[in-house]
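Pasting in a structure now, in structure tokens, and then I'll have a few things to ask.
All chains are identified by letter, namely A, B, C and D, in their written order; residue positions are counted from 1 within each chain.
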Amino acid sequence: MTRDRETLVLEREELSPGIFSLTLSAGEDFLREAGPGRFVQVEVSPGPFPLVRRPFTVNRTDAGSFRIVFEVKGRGTDELSHLTEGARLRVLGPLGSGYRLLPGRWLLIGGGMGAAGFPCLADRIDCGLVLLGASSASRLLEVGGFSSMCATEDGSRGARGLVTDLLDRVRWDDFSNVALCGPVAMMKAVAGRLPDAILEVTQVSAEARMGCGWGACEGCSIPASGGGYLKCCSDGPVVPATSIDWDLWEGV
Amino acid sequence: MTRDRETLVLEREELSPGIFSLTLSAGEDFLREAGPGRFVQVEVSPGPFPLVRRPFTVNRTDAGSFRIVFEVKGRGTDELSHLTEGARLRVLGPLGSGYRLLPGRWLLIGGGMGAAGFPCLADRIDCGLVLLGASSASRLLEVGGFSSMCATEDGSRGARGLVTDLLDRVRWDDFSNVALCGPVAMMKAVAGRLPDAILEVTQVSAEARMGCGWGACEGCSIPASGGGYLKCCSDGPVVPATSIDWDLWEGV
Amino acid sequence: MTGRTWSLWNREFDSPVILASGTAGFGFELMDMGYLDGVAAVISKATTLRPRKGNPPPRIVETRFGLLNSVGLANPGVEEVVTRILPEASALPVPLIVNVAGETEQEFASVVEMLEKSPVPFGYEINVSCPNVSEGGVAFGASPSTVERVSRLVGQTSSRPFSVKLTPNEGSITESALAAQEGGAGAVTVCNTFLGMTVDWRTGMIPLERKVGGYSSPALLPLTVARVHITCQAVDIPVLASGGVSRPEDVLELLAAGASMVQVGTWLMRRPGSGAELRDGVLELLEDVSP
Amino acid sequence: MTGRTWSLWNREFDSPVILASGTAGFGFELMDMGYLDGVAAVISKATTLRPRKGNPPPRIVETRFGLLNSVGLANPGVEEVVTRILPEASALPVPLIVNVAGETEQEFASVVEMLEKSPVPFGYEINVSCPNVSEGGVAFGASPSTVERVSRLVGQTSSRPFSVKLTPNEGSITESALAAQEGGAGAVTVCNTFLGMTVDWRTGMIPLERKVGGYSSPALLPLTVARVHITCQAVDIPVLASGGVSRPEDVLELLAAGASMVQVGTWLMRRPGSGAELRDGVLELLEDVSP
């Protein structure tokens, strides 16, 4: 059940400069429902500021715990990065609707922290290939154990360039599902280059600045293809690629 | 010179439950001017809240350092009480006008934390007698080395009662100066019982909620006997007892 | 727990905490999470005559000590509300007050007229103070004559009591409150968000499309306390306080300033369990004072 | 340090930082402490026709995230200011703007008339927005026609430029700004403190004698940014920003919102060295952006 719970920081790791993981205690009821693509709203400070929580994808679940992985972007993530083992952290979740775990072979396309939800997903599907992009090798998030290709802007690992450059090498017929997650600019670039039939089977894990995170405030709007807006936090974060108005969407 | 300086916490002591002293580093220029009755404005937190500084009397000066003694009253003093050795603390001062160090024998009358400024004073004058009052023995501030009498409300030291009860035992002819400092209610009670001639030679160290502490904001007003208001921070904190309108003054 | 109660419109509540419009949806999500305990009533997201998409993103921008929002009254329109949402809302364990917005005086009454078809609403909150729309917003609510006419029109249409939600941004809050009372309002809500803005000085970019949004923050509590106090001096109808609540102490301070009930908005987004957290805290503090 | 400058009334400054009225006295204390470095100009405590004792204590009450003040324009009266204070103020290393308050329209002009006798003032700030007085305060400044008449009267009397300091508490800040411009003001100050109050819920005691005071806080910065922005859209005269500044970034944000110069008040009380601290911070940040 979705609840606001006090968790315990079981482990903190600096995966690479400015990228951290926190392993947080969790009960059965949470873990059962924390499926791929769902997220939590984390109270980043005991004091009132920052005022609203920060959303993070469930990166992995284990017995009695789950993990989030994040990059320090601003105040909230900075505060989180200073937590140490044994600290208490209020976490609301699991929230949102995650990936529809459809049968058939999957292609995962992730940019930067966008890949944070992939480990959770890849384990539960027929994962054929993972494409990853990041600015440099140290900012690539591993999705261990699966065939993967990557591109880095500085060429420090894989191809030099953007994840879009890898798309030419994909044999689209091999895949019946795509998961796409990353910065909005990257997702727009990718979506623009996906064959129509593939776009139809693409699930996008979207990002928006969130207020509540639980569907009440209408703060997290994403332009919908039918006009109007989707709510990232409750219609999504994972939504069909075709439900987004890609021209209007400008990101957070 | 009055300046805003970063000091170092050289020592922190819990004198009794809820009463602390902090010894802070200071240069010659500060120490030379930090005479008895003057005070400092302390920035109690590195963040913006609490918003204004908190005033504390200079309790003692030593070579390269001075001391403040304070009771935890609210947010600001609570923050201060958690500082540890080596912490940095912004201190503005010395501020205000202190005691006029007149010749002749002095009587010092202090209530609670009001006695915090007495050690500094007693060393520099002909101190004949110190009267101290507090709720209990643990809340009496020592003014070492001088003849003293005290009263505690619970009778745990000295006479059971208020400092006013000690006044009857004073031989007024012995004294040509009085220093009075404490909670406003206590000072009103004392002032009301001083012989007229003694009130004329009484210097009061007053208290007011302060804004700036350096004379600019008109926040720290104390009703003046001539009508209008005195500024506690720059007309005082030490002012002649006769300059205060004791009927109007209600304290902080 | 004491047997203390608070009341509004002839109904008694065991909590003074109302959930503010726009921060609780229609209450369903909180019900699903089990967080309506401690809640006296839910005030819905604004409902307008026609569906409104709302403003383009970003709609929420956090600043150093507060939150700017520019939702722009996104809602499916009153017809959808009456036919689809309110029937489900009858399952809510607490009363629902429907927040109503409009672009013209008449439109407020038209929305209420439609809402009257539903047995569900406990009352209405007439939102003449939205900072995030061009019509029917701040300037509209700043005119006492407009406020009085809207109140009268709504009163003529409604069988239910209603509160008029005032703006702190323009005009005089006491004059508007008097006008609402004169027009027949059963309460006033003091108040909506304060106009606020942020701009990135490096780029000159203003994140909100409409530039200016509604600003809320726990740091604004003293502004609400003052406005509740002066409004209570001016009118005889109940005052519902809204703005800056994040602690049980804040609820008690607003009650001490004269409010009949107290709303929580932004902090509810942070703490969906605010209803019980605040109610329990209030009861505990009251118990400490007079056991 | 760059050679960057800011300007007001045909004068160039190497800092955008002005010290706000009521928080810097007449600048003497800061001069003595050596803290006028980085200060473009000092705005004096309000000066009125007759001496004013000001409000009874407490005048300053701190809340969780801000400060309430109720000083009530304590000042020795314009005669004393002209004969005793201004002559000394000629020693200040920075220009002095005299803040002027009054209880009637004519009184503002009378004060200015007296001040004209002194060669010292660089200009005036006409304070039609004090939250802590009964006459000549918030309601006064909320009326555009009053603001226009006061501006005209002052303009007719004064050989010097003046800014009209507006209230965010009542009326419309843009209408008041337009009225000031129409009346001949050389700038508007946006804005004075917000009405605020606190009450001890345990005792019901309200610490300020006048109950409601002026509230200031770094958390109010977005309110000032918004009001500066909308005022700049409305008028052509310079806008002096006042409210919520505590960091160099805040100064830059208000400049980006359209302010010509930026005042610092409450934070100056905390940090008397604000002039240099903010000016140096601003220059450093600007250097980072365009070295």
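Descriptive notes on the structure:
Simple rule for what comes next: contacts are C-beta pairs under 8 Å (C-beta built on N, C-alpha and C of every residue); 3 or more make two chains touch, one makes a residue touch a chain.
Fair warning: this is a prediction, and the values are worked out from it, not measured in the lab.
Hopping across touching chains, the smallest step count from chain B to chain C is 2. On a Cα centroid basis, the chain most remote from chain C in this structure is B. Taking the mean of the C-alpha atoms as each chain's centre, chain A and chain D sit 48 Å apart. Rounded to whole angstrom units, the spacing between the C-alpha centres of chain A and chain B is 59. One inter-chain figure worth recording: chain A and chain C are separated by 34 Å, centre to centre, where each centre is the mean of the chain's CA atoms.
Listed for chain A are no residues, as none touches two or more other chains.
Annotation for chain D: residues 64-66, 217-218 touch two or more other chains. With chains as nodes and touching pairs as edges, the resulting graph is an open line. Applying the touch criterion to all chain pairs gives A-C, B-D, C-D.
The part of chain A that touches chain C in the complex is made up of residues 1-4, 43, 48-53, 92, 208-223, 227-229, 234, 248, 250, 252. Chain D contributes residues 63-66, 68, 139, 142, 170-172, 194-202, 204, 206, 211-212, 215, 217-223, 225-227, 229-230, 249, 252-253, 255-257, 289 to its touches with chain C in the complex.
Those residues of chain D lying in contact with chain B across their complex are 22-25, 29-30, 32-35, 45, 53-54, 56-62, 64-67, 69, 71, 74, 217-218, 246, 266, 268-273.
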